[in-house]
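The two complexes that follow have subunit A in common; it is paired with subunit B in the first and with subunit C in the second.
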Partner chain A sequence: MEANLEAELYEIMKTDGVTGAILSDEHGLCLLASPDVKPEMAGILSAIVQHASMIDNRNENPVINFEGDSRQCLIKKEGSVTTAIFKKIS
Partner chain B sequence: MNQNLIGLYPRQYEEIPSRLIGQMSDDKIPETALMPSFLSTFGLASLQGTKLGMGESTTSICMYGSYQVVQMDLEGLSLTFVGSTECNTGHILAISKELYPVLLELRTKTEFDASQP
Partner chain C sequence: MGCSLSSCCGDSPDQNGEPSERTTLLSDPVASSGTEQRIPSDELSGSYCSSVPKKSDEQSVMNKILHETATNVIDVAALGPHAIEQNEYLERKNFYQIKVGPHLNLPWLHTGAYDKCILFDIPDPERIVASLPISISDYNLMCKMTADVSKAMEGLTVNHKEDLIVPFQIP
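For the complex of A and B:
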């Protein structure tokens, strides 16, 4: 049932610099996560998207980028699925 | 904090009858959600869940037409969240881990108070 989703996650993980990814549903529950990402993060990430979309009503699904010294996290909601991708900064 | 969350109840469920040790809710909370019988169901449901053969369950999520109820077992302390259906369930599960040390402290405090004559 989740084979398509797993295939997509595998594709994301193959991308250069990507260290982890997590997918959550509209309730903030984890659908799929790469081994080094905690499933509990799904709720927090989807809550961040919910709050961020309140900032600008014209932009319903913004891309959110958290950047640290060595890593960045990109979050985007599409339909009912929120995707977060963790990347190394080269 | 999640804006659709309308109630939070820690409850000592190892005691019979279970003792409510605190609550935080707004006016939108349905009255039935405050009844002792409603808040005590988790222990029973969790026990029944063990019959599925997957071990003891620690969290139950119930979705209703307008509300959702998330109940969890934190070492004998039953914590109940009541929220609207739009409330972020994953966020509730995540914040419960942050609340855990605070609630354990609260439990110790209430146990001490209950033991005083």
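For the complex of A and C:
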């Protein structure tokens, strides 16, 4: 049933530098999350995407990048799924 | 021409009573008003001399102006710290400290609230603002991953192994 989604999450986790990932639906509910990411974050990430999409009408699904000194968080919504990836900065 | 001259000159013809080329167009007001109103030059100079103030009057007027200016000006420099005595100075200092002190000890000034702020100033904002917001590889990665996830989500179906609707055993 959700094997395809799990396979996609596995693919994301295999990417170089990725330490965690989480998928949430349009209501901010967690669909899937890697072990070291809290499922409660799904709502916050969806809200961030919702607000960011209002900044520019021409770009409904922007890529949001939160960047610190050593880590970064990339968020993007496509369809009804919001995907967030946590990466180490090399 | 002759007609216009006569109309301009009015009743000032020359000796013969007829206008000529020497006849003035406008009549002389002084001459017409009479010679008794002319002021002789010596009389004029005398009246001028009497209107000019003498030196003593000038000095008194000058003193008056200076006095008025002095009364209207507040000399701040003259009111310097020398005007305040030492004990009065200390008294005022204590008074100000009592009044200002409670406001300097406000909790939000000294509890490190600034350190707890999420947003804070950065020393070199130009470097960060001018840098690329996201690398091309990360952007492409996100676009690809989200497209795949969205496609996988569309293909999500419920594969039931048991009956979804279970009829109750109503006797």
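Following the convention adopted for this analysis, the second predicted complex is superposed on the first by the 90 of 90 C-alpha atoms of A that agree within 3 Å, B and C clash if a C-alpha of one lies under 4 Å from a C-alpha of the other, contacts with A are read in each partner's own complex, and residues count from 1 in each chain.
What we mean here is this: a residue touches a chain if its C-beta (ideal position, glycine included) is under 8 Å from a C-beta of that chain, and two chains touch if they have at least 3 such contacts.
These numbers were taken from a predicted model, which means no experiment stands behind them.
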item	value
First (subunit B), second (subunit C), both or neither touched by A:Glu2	second
Contacts of A:Leu74 with subunit B and subunit C, given as first, second, both or neither	second
Partner touching more residues of subunit A, whether subunit B or subunit C	C
Which superposed partner A:Ile85 touches (first subunit B, second subunit C, both, neither)	second
Which superposed partner A:Ile12 touches (first subunit B, second subunit C, both, neither)	second
Which superposed partner A:Met41 touches (first subunit B, second subunit C, both, neither)	first
Partner chain(s) touched by A:Asn65 [first = subunit B, second = subunit C, both, neither]	second
Which of subunit B and subunit C A:Leu23 touches, first, second, both or neither	second
Touching residues (chain side subunit A, partner subunit B) in the complex	24, 27-30, 40-44, 46-47, 50
Residue ranges of subunit B touching subunit A (in the complex, touch as defined)	2, 88-95, 97
Complex contact set, residues of subunit A against subunit C	1-2, 4-5, 7-9, 11-12, 15, 23, 31, 61, 63, 65, 72, 74, 76-81, 83, 85, 87
Subunit A contact footprint on subunit C (complex, rising order)	133-134, 138-139, 141-143, 145-150, 152-159
